[in-house]
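Next up: the structures, one after another.
Look for subunit A in each of the two complexes below; its partner is subunit B in the first and subunit C in the second.
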Partner chain A sequence: MPYNFAYLDENSKRAIRRSLLKAVAIPGHQIAFASREMPLPYGWGTGGIQVTAAIIGKDDILKVIDQGADDTTNAVSIRHFFQSVAGGIATTTDTQQASIIQTRHRIPETALRADQIIVYQVPMPEPLFKLEPRRTETRILHAMADYSLMYLQLYDHITRYGRVAIGYDYPVMVHDRYLMSPSPIPAFDVPKMHMNPALQLFGAGREKRLYAVPPYTRVVPLAFEDYPFTPLQAQAPCALCGSTSSYKDEIILDDSGKRQFVCSDTDYCGKTSCK
Partner chain B sequence: MNSRQNQQVFRTLLNAMSAPGKTFAFDTAEWSDRLSSAPLSPACAAICLSLLDGASPISLFQMPESVAPWLLRHCRVPISAPEQAAFALGMGKHWDWDRNLLNIGSEEEPEKGATLILELDSLSDGAPLQLTGPGIASSQIIAPRLAPGFVNFWHKQQGLYPRGIDLILCCGNACLCLPRSISIHADREN
Partner chain C sequence: MSYVAAKGGAQAIHAAHQLVAERNAPDPDDLQAQIARHLHLGIDRIMAEASLYDRDIAAKALLQAQGDSIEAVFIVRAYRATLSRFLDSVPLNLGQAHLQRHISAAFKDVPGGQQLGATYDYSHRLLGYFQNLPARDEAEASCATSGIPPKATLNKTSVMDLLETEGLIEKSSTEPADAENRDITQIPPGFPASRAQRLQTLARADEGFVLGMAYSTQRGYGQNHPFIAELSHGSVNVEICPPELGFSLCIGTIEMTECQMINQFQGDSPDTATFTRGYGLVFGHNERKAIAMALLDRALRAQELGEKVEAPAQDEEFVLSHCDNVEATGFVEHLKLPHHVDFQSEISTLRALRAQSPGTTVKHDDAL
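Right after this comes the complex of A and B.
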């Protein structure tokens, strides 16, 4: 029996769509949704896939990346999934061509446009999770906008390590109201979220939460005046394309520990080295 | 409506909610006969058909009598009291902004605040309002023809943020959205 377009039945899509509209209306606020069982395990992007399934149409061009790469297992299998359940939908690896970009743990280097939507796969939507594991409590903290626990965590890092030692999933304030997990993107990518012209949607399948950052919305990383937000960046240029501005992966080359840095965004790297 | 029409209407609405104040037209030519039988504007009917079902109770305010049976028949949506409704449907010119009966959600679950869909006579010949906030790069001017007291209502609702209701204003086959997150300023009280 063939599946409904984009796998989910229309009732499930409608429920997700209604939640998405509320998520856009309350930037950064996590909304519970009836996450469906998907044909792949939790942790492989079930939340992002359900959000994409709820928004995707015949005219969309889908790009899927996993840690910046279009050719890793997760990205390839999700792309194939939508090709098979969404009536042979067009896919691309080119950031500029895509109308929907589903991503795991990166934001593309190429700037996004107002007519694009980026869908993040989120393992843990609750930014306070490591400080307060009880959902009943974090709901109250969000309701009161009481984020002192997180500030304390940053202070703790500064006293121990001399800096805020958070490399990924860096806590951000959205529209000056909600503390939000940007999903485990590197801190390097966080400034791209601020006033981005593209709509940003977040889906967490196991945790059954979704949230959104509308275009042109303030997204500010938590920091102190005397310890401003300073993301780490590899000091070496990309070994393949020579880019100094992109985010790099460190690759170990041999048993003697020789290493090199290459762009994590494969589409960007390919285009830069062609020039 | 089929899966594709649902998706097209929703995407237009998602774009509209992400760009408050901007007018978006629904491409309704393909199913005009279905919508022409509706006692609602094409935009409003399309939104109801694509978004409502048994899990989204709706409340009707001063709508023509034929609306309730049409909604029941096409969306199977339960008609409910204002306090329990996830959606509300009303006429823009009659809407009483001084008395909000709709659910505005709680501090913990502000998303339970209702979505109010209003039928307007015009989205562009009312008093000008200036919008700022998420979804708007700098500022946006709109001029929907709304009943008096709207700006007051919005200022009051902003004080309750993140609690509140979200608006979808419909006229003909176009709509514009006013999510609760935006600020609205009028040159003079209207």
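Right after this comes the complex of A and C.
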């Protein structure tokens, strides 16, 4: 079967780009869009794939990562998808070379530039869904900027555990207005979103929502004055490149449970160890 | 010479093997045609849930999915998403359908007659049952062979029309307003959903989910008190009206199953009390889905009709958000994908909690 460049027909891509423009105009606000079925399953990154399909052109250089790595199965699969349906586009594993980076669960360690776009795959775009499952209700809460439910949740954590116990998908305020899910990136990555020169686009295919953080936008994790945001750092330097600043995967080495910590961002790790 | 002969001989042997292989292996196209023909109810289900009426593509997908119908639905949906839409069809005229089957459970006889058609309803579920049917006599034969009887093509009056004329049932809503008649695959659905959006969502919803939710209404979770006014299956013309022509053209025929359900009274006084409607319409021959859809359609009208929304089947956001099997299977199965970055952050959080509080309780200076 012959397919159009980047799979979707041009009208569908245009409809998605219109929603993206709206999303950029209202930072952090979720925009409903007519999500299409993609040939990859929901939950595999159909939102991100649709955003990438809608914005990618023949001159783009695409990087796809999952869990920070270019060589994880899903990243390989999505990269191959675009190679096969967007014939002629270049792909890379090098963060600095890429013009579009599609990601699941991580932000690269290498700082992004103004001429780059990062596309996040989002499972649950509604940051309040664990506290209020009804979108009819959460829409009202967003309209009134009433985020007391989430503050209560943080307060509840502090009374129970002595700290905010959210490791990933840490709720953030965007442009001082909308509460937003940063997607299930570790809390460690959240500060990278703040005032980032790159355009950050978010696609949730199954939930049919898009949102965006335009370049140089304030993205502030929720916290209290006496309990500031304190993301956890890795416990050891990378066993491969020695980096102390990167996010680490914990690798179990043998049956006795020996551990090793290595960078989750494989591109960054490779470059750091070369130096 | 011997070299050439040996080479030619090898080719001949290869060709001979090819002949055997071709005889042994089923021709995929032939298999696809057989699937479309013999497993037509399964194909109908795939077409309905994929919301694309194309027997060949559904059969191809079912073959590719090795019989996994949800996987087949998914393949067809992904193909459907790439198709350009150029026109909406004119609303189907089901009054002009060629009916294969038309029954009413609410009345002993109905306009157009009770017509049993092909059904499993009265068969015994014994293996080989249909191979061991008694030979039919002449009279039966003439009755049974007319798959599409001419009388059913009449522009019949429906049972609902009769009840409506008598004022016993709520009026059917007239043509939906443009804003209401929105294709959920083109314009994202929201809540509250319009009736058109609800029906479209249900028509392509997972049959098992719709069946279970409908069943729950019969067991007291949002009761309907339903009666099937009419259940029909047949083929109907699809017409389009290209704006440059200004008149409609028939572009083909599709099979549909429709269920008109009569439900409990509604109204505050004896004068205003009327029966209410539930509606089901599905691609192909699928009575189970059409009936279940009609039950669920009615249950989901609870708020509109001023009933208390208490049962899951009455909860629009719950039902419509979870009934799509392509969405559901994707998100449930995505748990197979690696999540080690998230899990690492959870481990780190838990370790940090353990490390900071050697005791079991958190101590607060301000006596919280």
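One rule holds for everything that comes next: the second predicted complex is superposed on the first by the 274 of 275 C-alpha atoms of A that agree within 3 Å, B and C clash if a C-alpha of one lies under 4 Å from a C-alpha of the other, contacts with A are read in each partner's own complex, and residues count from 1 in each chain.
Convention: a residue touches a chain if its C-beta (ideal position, glycine included) is under 8 Å from a C-beta of that chain, and two chains touch if they have at least 3 such contacts.
Predicted, not measured: the structure shown is a model, and the values here were computed from it.
Visitor: Based on the superposed arrangement around subunit A, label subunit B with subunit C as either clash or fit.
Guide: fit
Visitor: Let me test your reading of the model: by the given contact rule, A:147 touches which partner, first (subunit B), second (subunit C), both or neither?
Guide: neither
Visitor: Which partner, subunit B or subunit C, touches the larger number of subunit A residues?
Guide: C
Visitor: After the superposition on A, what does A:4 contact: first (subunit B), second (subunit C), both or neither?
Guide: Touch partners of A:4: subunit B and subunit C.
Visitor: Looking at A:232, would you say it contacts subunit B, subunit C, both, or neither? Reply first, second, both or neither.
Guide: A:232: touches subunit C, not subunit B.
Visitor: Have a look at where A:81 lands relative to subunit B and subunit C in the superposition and call it first, second, both or neither.
Guide: neither
Visitor: For A:202 in the superposed arrangement: first (subunit B), second (subunit C), both or neither?
Guide: neither
Visitor: Given the touch rule stated above, what does A:123 touch, subunit B (first), subunit C (second), both, or neither?
Guide: Second partner only, subunit C.
Visitor: Should A:268 be classified as contacting the first partner (subunit B), the second (subunit C), both, or neither?
Guide: In the superposition, A:268 contacts neither subunit B nor subunit C.
Visitor: Rounded to the nearest angstrom, what is the minimum C-alpha distance from subunit B to subunit C in the superposition?
Guide: Minimum C-alpha separation, subunit B to subunit C, in the superposed model is 9 Å.
Visitor: Report, in rising order, the residues of subunit A that make contact with subunit B in one complex and with subunit C in the other.
Guide: 4, 11, 15
Visitor: Would you tell me which residues of subunit A are touching subunit C in their complex?
Guide: Contact set of subunit A toward subunit C: 1, 3-4, 7-9, 11-12, 15, 32-39, 41-44, 46, 66-68, 72-74, 104-106, 123, 134-136, 159-163, 165-169, 184-188, 206, 208, 232, 234-235, 247-250, 264.
Visitor: Which positions of subunit A touch subunit B when the two form their complex?
Guide: Residues of subunit A touching subunit B: 4-6, 10-11, 13-15, 17-27, 29, 31, 54-58, 139-140, 142-144, 175, 177-178, 195, 197, 199, 213-218.
Visitor: Okay, in this complex, where on subunit B does subunit A touch?
Guide: 3-4, 6-8, 10-11, 13-14, 17-19, 50-53, 55-56, 86, 106-108, 110-111, 113, 115, 133-137, 161-162, 166, 179-181
Visitor: Can you list the residues on subunit C that touch subunit A in the complex?
Guide: 74-75, 77-84, 184-192, 317, 321, 326-327, 329-335, 337-342, 344-353, 356-357, 362, 364, 368
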